[in-house]
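Pasting a structure here, questions to come.
Chain IDs A, B, C and D follow the sequence of writing; residue 1 opens each chain.
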Amino acid sequence: MSRKMRMGMVGGGRGGFIGHVHRMAAALDGEIELVCGAFSSDPKKSKLSGQDFFLPPERSYGSYEEMIKTEKTLPEGERMDFIAIVTPNHLHYGPAKMALQNGFHVVCDKPLAFTMKEAKDLQRIVKRTGLLFALTHNYTGYPMVKQARMMIAKGKIGEVRKVVVEYPQGWLSTKLEDSGQKQASWRTDPKRSGIAGAMGDIGTHAENLAEYITGLQIKRLCADINIMVPGRLLDDDGNVFLEFDNGAKGILFATQIAAGEENNLRIRIYGEKAGLEWAQQSPNSLIVKWLSKPMEIMRTGVGKLYPEAQHATRIPAGHPEGYLEAFANIYRNFALALRAHLAGKKPKALHLDFPSVEDGVRGMRFIEKVIESGKSKQKWMKF
Amino acid sequence: MSRKMRMGMVGGGRGGFIGHVHRMAAALDGEIELVCGAFSSDPKKSKLSGQDFFLPPERSYGSYEEMIKTEKTLPEGERMDFIAIVTPNHLHYGPAKMALQNGFHVVCDKPLAFTMKEAKDLQRIVKRTGLLFALTHNYTGYPMVKQARMMIAKGKIGEVRKVVVEYPQGWLSTKLEDSGQKQASWRTDPKRSGIAGAMGDIGTHAENLAEYITGLQIKRLCADINIMVPGRLLDDDGNVFLEFDNGAKGILFATQIAAGEENNLRIRIYGEKAGLEWAQQSPNSLIVKWLSKPMEIMRTGVGKLYPEAQHATRIPAGHPEGYLEAFANIYRNFALALRAHLAGKKPKALHLDFPSVEDGVRGMRFIEKVIESGKSKQKWMKF
Amino acid sequence: MSRKMRMGMVGGGRGGFIGHVHRMAAALDGEIELVCGAFSSDPKKSKLSGQDFFLPPERSYGSYEEMIKTEKTLPEGERMDFIAIVTPNHLHYGPAKMALQNGFHVVCDKPLAFTMKEAKDLQRIVKRTGLLFALTHNYTGYPMVKQARMMIAKGKIGEVRKVVVEYPQGWLSTKLEDSGQKQASWRTDPKRSGIAGAMGDIGTHAENLAEYITGLQIKRLCADINIMVPGRLLDDDGNVFLEFDNGAKGILFATQIAAGEENNLRIRIYGEKAGLEWAQQSPNSLIVKWLSKPMEIMRTGVGKLYPEAQHATRIPAGHPEGYLEAFANIYRNFALALRAHLAGKKPKALHLDFPSVEDGVRGMRFIEKVIESGKSKQKWMKF
Amino acid sequence: MSRKMRMGMVGGGRGGFIGHVHRMAAALDGEIELVCGAFSSDPKKSKLSGQDFFLPPERSYGSYEEMIKTEKTLPEGERMDFIAIVTPNHLHYGPAKMALQNGFHVVCDKPLAFTMKEAKDLQRIVKRTGLLFALTHNYTGYPMVKQARMMIAKGKIGEVRKVVVEYPQGWLSTKLEDSGQKQASWRTDPKRSGIAGAMGDIGTHAENLAEYITGLQIKRLCADINIMVPGRLLDDDGNVFLEFDNGAKGILFATQIAAGEENNLRIRIYGEKAGLEWAQQSPNSLIVKWLSKPMEIMRTGVGKLYPEAQHATRIPAGHPEGYLEAFANIYRNFALALRAHLAGKKPKALHLDFPSVEDGVRGMRFIEKVIESGKSKQKWMKF
């Protein structure tokens, strides 16, 4: 299996943001090559995008259906191994399902799907086919997030008591969707985004991060969901009380009207013995606050970190790794697991450390429940 | 009136924390002198404490009643002008009421009283007597808090949409009260602290800070109140959704089980045009995050700040001022207002910028309402 | 000796900066009272300043000579115990010498004197009289500076190899002295400041801090001394290589033309096992960077600190203490040592932890040597 | 020219650090593909490394000579376009010269060569051949470094007066070379590293950064060069005074014995109107300190930045980009310029923004001069 893993992309043509991110993340480690794509629903645009990426014209397809069908006919040594889905939410289910049904593995952007029904259906198909499926909750790809997760798993901070996870952004402080800006348009449109705006777009990242790091699951929640910019159709702000399965309590907030905030995902977890703090905008540090000794700043590449964190690090201490490297950690693990899978081996646990379809289903349930709770007069709601 | 204002202290004997703070804050600017005290309910201990502070023995009293009665008989040129109450919550009402009824002005630690009834009674007496009353919500004494307040009042960040105010401490992560530690003992004891623990001790500071800076008032709230350390009698953790009178939403949390946190009061306010961020542990900075230009770090003493902020600053930029200086700002303003009052003049608005008995009543209502909401299955509750 | 220590002040009338700082620092802990002053060379101004501080008119003197002579005639229970000298550099020697010769102890602002000759003379008189003398190199009063000093003394970071101490300010980026601004005028005037500008004003603080923390002494230096603002008469910028008596190397720079800097004194010390970092603008933190384990942030009041650091701390962790508190630590120690001295006892070592006349002489030598080296074509010069 | 640019690598086999960095940086943007390599002087190891990178066996060469000769014989549509040299310093000159003489463009790691003579020779060959040559002084690839450079070029901070550039690392605090660690071994070996250790390895980065950002050139310097770890053969610490061609003064220090430091390259530049501060470990922020208004934190992707900074940014604000992205900016610009060059066009100025052979010659002169000055008793030395 001495070759790169071959990726076909759905969506991500010229002008898109997340498609570009997926391509860079997939390319970084030299484990994956982009071999084809259905970059746009407009076949001409798809071709032009394919040119940008130096693809031969015949492998820039006019639709994902065409891509999947045609690639399937190519010889094993040539056809794509997996697809990467980077379309808006309402266009995840179709290509994911068809790819899986035709034997292609899948990397899919989050949230998993447009509806809970779609999500559960994908979960069933993944289970049935035994194919690999990765969901790009990229923030869990950071080394210090993995270090935090391992510290909690190993009991370093004691039983978790309180979680504060927050995701403030400011870019929707004005009614940007009226300007036609591409990112704002579909994210605020119920037909393309689903029942949630901010809670789906970034709230699910916060939820996923909290569960990933703590190893706990949300059991109950109470949400206050708001539209702060007049005329907007979906939530742009939300506050949620959380209760975890071990009894820990938490606060989650996600907002896109926090004027001046960039992409300030941040989490604090307090256990019986210590508190952990991590902020996405300074991702190479993990702050550990102890009960009665000096706080420590753990840093990527410094001292003895857990293998999971080390594996997610490429360069020595003091050489900052960022968003793309964390994103690439999903792709690299996916590629390494896929290589093993294609060779008929069981992938290493270390390589299976990427978000799964199950994480995707939990994310969809989170969306469903916060929106339901937001409309309820009752305080707590079961997750 | 060319003399220092004369202070008598109730509580604050040897070993106490907050009494020492009040004395330093009162002394800093040379406007106030400590002339007498009822430092302990034990007359002997009160005398010994008086010696520590170089008071003549006859002015260390065995009780506040004795102090007020005796001081009242002293000639105007000698007797105390006001009392400072630094006792646990259940011992605020008695000395405050008696002082006011005997013509003495009052500085009182927060929360205002043990019960709402006491609080309202004090409010009435203050109004009736026309005497000065300051409540030491000291965190509003910081220059950059005043700068933030003025920026919002002047419309610099537009209409406020979201407030996040948090007060994590970690010192009650273990059951410290079992060790007999003085501060922990009374704060976790319903007989001395009242119906609330953390929410009264620090939650009220957070509430006061949010209302002071935004100029808004809480209209509704929804609280999740917890006891995280088994066997503790009062809340040590709480999360609150807030709704303000202009429709802005907010989150307040206060916790004393956030392992490793020192005294991390912090507030963020997002308006239509900008976000403000201030943290008590780095009090000389105010971060202003703008919608589409570089964020600014305003610093005590740098550039043109509002007169309210400048008045609260003693030394040039880069010479950090801290907790005691902020606390002293209340005492200095109180002394300057009192000097005017004693001279028969109306104090300047700038000097009346200290927390009032009304702030104290709002704080007591906050305590009452969060505890009530914490027990309710209903989501929102009127303030 | 159950009374406050009595201070007379020389200089520090209305409009001054450092006199105000000394008064606040002396007042903070209730150990010292201001009883008299020669606040200005203009007797009228001195009286008016005395009124500001609520002194009786007869104890606001027209000159330090008058003050020292008159106070000496007062009964022991009333006369001042020590003088605090807060005048420009050229007016330190006179009052210090006369006070000492008349039996009064002295607190003096830095640098010690106008010339090396004066400095050495004061050193002799202090030695001869056995009176207490404190020099207000206030930055060594910070708790975390003391913690750093003790860590090095106890070998925690191994042998010191490299020191980087820097003191950038920006307030003299323009020719402020032309505006008549009081602080700028005398500091840039060779007749009042001496042979050095920035190197005397702030360079000596950096030198003192480096020697205090490391416990080492400068053995050789090489200086590059500059006047960056055209027309200025004294240095406003300087860079110095240092060699310490153990062979460690260092860099010291002090500048007052670092546009936009406030008062950014900062030191880093690298030993064989760890590096220490402290910054005056965030004084409650001490960063410890270890060779192969996570860095630690030591914080005032957190965990087990050395007694020297604890003694210099007034309030619990997370309640920031600043410049005035550090300054007050010199006054408090001076007062406690003086109290013992007056009672005929040997002061505790802990209380003698304040800068001495010897530190002052070293500071004067530093000024002399950096200016000499700055003019030399030779690289290294003996200290 | 619708194809990726083709890279052949010299050095960078298994276990190396910088070769891996070059490969990731070259791959990130999908503009370049690795087509061949002479990864090791041991042909077997070179083949194995080629397998790691999924190269066909016939394009893993046993020496750079073999690679250059063989690739030259391949048809234009297949052969490599340029070589990337990632060997230790003593092995830069040979492959660079031979590649250029055979019509291949070159990307070379820094410092440019082993001796000044080699450097000048390469400069001549580059000039004569007209081929593209990039030196990977990667730190100038960061967007906020480019923003700083443009701000100064546009006069935003006025005339530059003072520069402080520092590069502390701690990884050579012990005699790591004795352990056989690969990176330490060659860097401390005069036969492979040249006349300088730390000053060549990281001092040149600091020098390059200072000249790049300020647009000034060093005119004179005075150096203190040290070996702090006993028995080491090359400098591990150095302090340098700088004088720039406009009269500005500066300090540069580079050290590898700063225990606990990671890779803390940091620069401050003070002009007449403002100061700039940038730190490689927090590369997405540029601090601007103004004379009399609040400091600003410019951030990658926030507000209006100069086109040079925008072009160097891939993803939106708040999505941190790091070391690899900055490194990739050199490769991307090189590839874009090469594409134009191969198409017979003049590359855009924006794409020629990468370090050149001239920068390399200046770096070599810096090494030569600091080492010479370090041995001299004279203070200043012409650059």
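The definition used in the following text is that a contact is a pair of C-beta atoms (placed from the backbone, for glycine too) under 8 Å apart; a residue touches a chain by one contact, two chains touch by 3 or more.
Everything quoted here is computed from the prediction, not taken from an experiment.
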Most distant chain from chain A, judged by the mean position of its C-alpha atoms: C
Pair of chains joined by more contacts [C-beta pairs], A-D or A-C: A-D
Whole-Å separation of chain centres (CA-atom averages), chain A against chain B: 44
Chain centre separation in whole Å, for chain C relative to chain A (CA means): 55
Between chain D and chain A, distance of the C-alpha-averaged centres to the nearest whole Å: 34
Numbers and ranges of chain B residues touching at least 2 other chains: 261, 288, 290, 295, 299, 302
Pairwise touch network: line, ring, star, complete, or other: complete
Chain B residues touching chain D - in the complex, by the definition given at the top: 288, 290, 292-299, 302-304
Complex contacts: residues of chain A adjacent to chain D: 2-4, 17, 20-21, 23-24, 27-30, 34, 51, 53-54, 169, 171, 261-264, 280-284, 299, 301-302, 314-325
Contact set on chain C toward chain D in their complex: 157-158, 161-162, 164, 166, 168, 170, 173-174, 222, 224, 226, 228, 237, 239, 241, 249, 251, 253, 255, 257-261, 268, 270-275, 288-291, 295, 376-380
